[in-house]
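Structure first, then comments.
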Amino acid sequence: MTPADDELARILDPSGAVVDREAREALDLKEEDLRAMYRAMALARQVDLECTALQRQGELAVYPPLLGQEAAQVGSAYALGEEDFVFPAYREVGVAIIRGIDLVEYTHFHRGTRHGGIDNPVDRRFAEVTIPIATHALHAVGWAMGTRKDGGRGCAIVYFGDGATSEGDFHEACNFAGVFKAPVIFFCQNNGWAISVPLARQTAGKIYRKADGYGFPGVRVDGNDVLAVYRATREATDRARADGTPTLIEAMTYRMGPHSTADDRSRYQPEEEIEQWRSLDPLFRFRKYLETEGAIDHAFVEQVENDAGELAAEIRTGIVEAPPRNVREIFEWTFTELPPHLTRQRDEVVAALEGEEEGAGG
Amino acid sequence: MADVTMAQALNGALRRALADDDRVLIFGEDVGTLGGVFRITDKLQAEFGEDRVFDTPLAESGIVGISVGLALAGWRPVPEIQFDGFSYPALDQVISHVAKYRFRSAGTVNMPIVLRIPCAGGIGAAEHHSESPEAYYAHTAGLKVVIPSTPIDAFNLLLSSIRDPDPVIFLEPKSRYWSKESGELEPNGLPIGRARVLREGEHGTLVTWGGMVPRCLQAAEAAAEDGVSLEVLDLRCLVPLDLEALIASARKTGRVVVVHEAPMTAGFGAEVVARVVEDAFEYLEAPVLRVTGYDTPYPPAKSEEYYLPDLDRILGAVQRTLTF
Amino acid sequence: MTPADDELARILDPSGAVVDREAREALDLKEEDLRAMYRAMALARQVDLECTALQRQGELAVYPPLLGQEAAQVGSAYALGEEDFVFPAYREVGVAIIRGIDLVEYTHFHRGTRHGGIDNPVDRRFAEVTIPIATHALHAVGWAMGTRKDGGRGCAIVYFGDGATSEGDFHEACNFAGVFKAPVIFFCQNNGWAISVPLARQTAGKIYRKADGYGFPGVRVDGNDVLAVYRATREATDRARADGTPTLIEAMTYRMGPHSTADDRSRYQPEEEIEQWRSLDPLFRFRKYLETEGAIDHAFVEQVENDAGELAAEIRTGIVEAPPRNVREIFEWTFTELPPHLTRQRDEVVAALEGEEEGAGG
Amino acid sequence: MADVTMAQALNGALRRALADDDRVLIFGEDVGTLGGVFRITDKLQAEFGEDRVFDTPLAESGIVGISVGLALAGWRPVPEIQFDGFSYPALDQVISHVAKYRFRSAGTVNMPIVLRIPCAGGIGAAEHHSESPEAYYAHTAGLKVVIPSTPIDAFNLLLSSIRDPDPVIFLEPKSRYWSKESGELEPNGLPIGRARVLREGEHGTLVTWGGMVPRCLQAAEAAAEDGVSLEVLDLRCLVPLDLEALIASARKTGRVVVVHEAPMTAGFGAEVVARVVEDAFEYLEAPVLRVTGYDTPYPPAKSEEYYLPDLDRILGAVQRTLTF
């Protein structure tokens, strides 16, 4: 399960050198695209570090870092069109950045101020952050079926981990997608671990090869090679748009951080393994490549770093300074119209709060 | 006016919903060519095409899970689960997503899903085909729970459920599928959340729903012969509960017996008791009692007559409240 | 999806002629085994017809016929050892016959007198009849894991249909089996239909090829060829006993009857398809083969028919004349000891019944 | 006597069960090397080996489903579900098989499975990590439902649950994991099904369980300052329910308030009300009231203080019963 694996599609090697020149040439990416991808990866890394810091400072309840998975997220998301719909799990800040999601609102999820993290997912084409593993794969399939019924050319992409492939819902989603020719991309970030459980205890098969059982293609790609990920995803969207063929992409990457800020990974994750993957850093690899190609220079890298710092600061201010939400909302969010029993409960809370305020004020 | 069965009424409601709103989709196991094992979707695929009415693979979590996605794509999914006992594999999708999606999106997305589930016993069916899961759903905040007992109600409540912007668990008591009522299958605007007094009475109230409604009416009939006048309240919707009607009847008669098929412990009958006690305590002449299925798994078909509340048990409870 | 499929393992062709002489020779079956297998298939068919008749006469609540699937059931069950544990779905009368299950008790399930159908499944090594599709696959895996922990050499075999492969539990079971090397045989009777849903709407993949995704072998076999099924199952038990390797067997067969006696298959099952499969009758095929080989003669066939008639009659008498079960049981079955709330409920019923009896008697 | 936390007590009970009975198996997500996300299984794998204590793939239906098979093979499975909100994918296996297997086999097979589930809120956790699913299980005939509130009870009830021949849903209130009690982790023979009077009182009874126990004790404390003497009853087991203790207290004080975290509608509080009303009606001075979570999904962590019953709400309800 190292990136040296035979079946691994790859364009850049860990040093940033092009190993598949033909594939590289065939990519429909202009220099500005490459820069945008680099930028997104760098922003993702910075936002990720900031959120980890915010959690340590007590500003977030818990945060699951994406450290090390920037190429997998950015490469795949960059291959999407506007009409495509993202179904994230809980670690997809890199995807959110590409899709222009409001990161303050998104981070409020981790602060415990709101659930879901996305206002109006339908317009944003970005579903709520989803914690119950693999459940959202079915939502992606349903959306894909639905958009096809409308003659839309969008496809759905669902992000999940290696552990998620063990859940029944993953299976049902793949099977429905195959049967209904739902234009979905099942994007697995195989980061080697599901909390403390290593891949070998998760499945005895290979993830990308599970696709065959559902009658659609499965591909394995170097998840730390942003260009290879881009290509695999673009090919998948092409297939999906053509006739609804789904694809399962297994992006081989690595969770460089803990499972979440609540995790003590020293109990299970071997230092040597982390060390080994450190040399495969996706951001470093891509920067080397871009520098070699002359697509970016020092000034650009610095500018990106600045922007990243600003974005991080914006998120910090945004969440720390947000006024508390009104507790009325939890009643109003439940149903479109308040039924009598909820009205009663809402009024009780509101009266109590007003009583308190008055008490405090008087 | 012709007689219609509840099965026909439900079929009629689905046909009408498909015709009136081209965003309505019907799917599930065997709902297409076969028209459903109870024929509730009979001929709908032929009429509206495979795009609108389609068979799915055999996977209940899948059926409900894609409903969430279809709703996000602007459709109004009306999935069918084949039998009560097979609704459980879908509970995670129902509880974690269908019930919560609006909440999770801070009120920005609706989930206009109607999950149809033939339910409950009394038809001599095999294991896992006679479950009464209403309490699971009623306890899950974010769901409405509807359970009609007559054909005309079934028609109208199914239409209102499909028009509702929020998720509805629509329970169809199988023992009522072949019950008949004379009337037109024309929408009467009946909203979700209204109970119905099926019989007025003075001395006590039987509160019930679904398959136990006719039995309670029989009990009231029998009691009347002994000079006891019982009111019969068909809740029709468990969430939202028609508190007004329930409390009015409890206050009026002062004696309440709740009757349902599900096991007693933590069944919806307990909720009815708790509501009545909270809002009508000073009017009560006797404890509010429950007559329900026993706290065992649903028994084999040959034993269901002992398991389901019967006239003797219902009248026995009424008697206890009268002589309290 | 006809038996002419490429990947189909087969020993006998539909006329009963041996197409794979080598495989036939390699089978460890004596003539008496062949006769026992034939006998079981013939008994299964007769019991099946009897149960269908009993249902039509109102003596059974509902019955799901196995007609056409006799070879798949008998061939696989005959390959098992005494230590192996069968996890049936609801259509496995042929398996029950091989395993010496009390068919009267078993048929009481379909009469609605009792659930499950098996007294003491642990001793019988035959689990309760299971209606919720695919759920029992996990039970089989659990048992197989458990028996291995005890150093047992038994393996579990779980029977299910093509439709069952769509359920999440099927997937989780296969995945657990692969990870834990649980000695399980996943035996799929692909009979072309899941009630009214044809295979093509059930999955876009091939069933036996799903096994690869879990890291264990999958094989497809002519399910109407009892010898081929026997061989495939025996090979699977060998692998399972050797090191716990699971196997997924897809037996291609056909549901010659309705889904159950409650089903109206004229709504969906094409007559021509049934007709086509009629010529592939598993019992006929095997009899032809045995006759050609001289392993059975007319007298034997007649004797088997007699025995089958007797068995059917026994079942009929057994269930029709059984006294009603005591309703007390449903309370006693729930927990090992009656808790107070159930004692109260039990006493209520018993008092009411005794009251009735006294009333009736007095 | 040293202080022990509930987390330590549970760990101690599991260690003891593994040592005393070599048929006991512990498994679930991350219970091995990691020792569970709450460390309840800390060091058990190292001590008892991978054969007895093992990590599973990420699949809850699988975890519970293999438990049924392991039980058939003569083992005593003690699986862990990582969080309440992830217990739902396993509901089908729990309802259709774990709860029913004994029944289905006509009483010939036991299912000595203890399903451990960290539950409920109050710890500022993320979505789906603060659910109170006890009513779903209590309504499912064939299950016992245990929910301790103190370390020593947790220790003893977990041991009795593991020794029980029938399936037990063992709910562990996360907000109590770090609560301390001084005492020995020595089995005291406490059986399943006994409530506990944590504080005696005269004017009213607070009935509660799990995470709301300390809050009810605080409320009783506060009430005492105003001269109101409240009894606090910790149910500890919802099924079987200790009717005797419940009814005795209700009869004694005549005023009962039930407090729980789960949403009100069809929560287990309703069952408590119904039982009290059925067996202590003539002793009641006031309606039996419920103070519970609201009928909304569990809110974001920052709002949970408004959602969970607090002293004001509890005392307000007590006041209503006192002044009724």
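Which chain is which? They are A, B, C and D, in the order written, and residues in each are numbered from 1.
Assume a contact is a pair of C-beta atoms (placed from the backbone, for glycine too) under 8 Å apart; a residue touches a chain by one contact, two chains touch by 3 or more.
Being a predicted model, the structure only gives us computed values, none of them experimental.
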{"item": "Chain whose average C-alpha position is farthest from chain A's own", "value": "C"}
{"item": "Pair sharing more residue contacts (C-beta pairs) when A-B is set against A-D", "value": "A-B"}
{"item": "Inter-chain centre distance, chain C versus chain D - centres from mean C-alpha coordinates, in Å", "value": "40"}
{"item": "Whole-Å separation of chain centres (CA-atom averages), chain B against chain D", "value": "30"}
{"item": "Separation of chain A from chain D, taking each centre as the mean of its C-alpha atoms, in whole Å", "value": "36"}
{"item": "Shared interface positions of chain D, touching two or more other chains", "value": "56-57, 59, 61-62, 85, 88-89, 92, 96, 100, 103-104, 127-128, 141-142, 239, 241, 265, 294-297"}
{"item": "Contacts with 2+ other chains: residues of chain C", "value": "114-116, 132, 166-169, 172, 175, 179, 201-203, 330, 333-334, 341"}
{"item": "In the complex with chain D, residue positions of chain C that touch it", "value": "85, 114-116, 118-122, 127-128, 132, 135, 137-147, 149-150, 156, 168-169, 172-173, 175-176, 179, 329-330, 332-336, 339-341"}
{"item": "Sites on chain B touched by chain D in the complex", "value": "61, 85, 88-89, 91-92, 95-96, 99-100, 103-104, 127-128, 135-136, 138-139, 141-142, 238-239, 241, 262-263, 265-271, 273-274, 277-279, 281, 284, 286-290, 294-297, 324"}
{"item": "Residue numbers on chain D that touch chain C, as the complex places them", "value": "25, 51, 56-57, 59, 61-62, 64-75, 77, 89, 92-93, 96-97, 100-110, 141-142, 144, 165-166, 193, 239-241, 243-244"}
{"item": "Interfacial residue positions of chain B with respect to chain C in the complex", "value": "29-30, 32-35, 37, 55-59, 61-62, 85-86, 88-89, 124-129, 264-265, 294-297, 299-303, 306-307, 312-313"}
{"item": "Chain A-facing residues of chain C, complex", "value": "165-172, 175, 178-179, 181, 201-206, 209-216"}
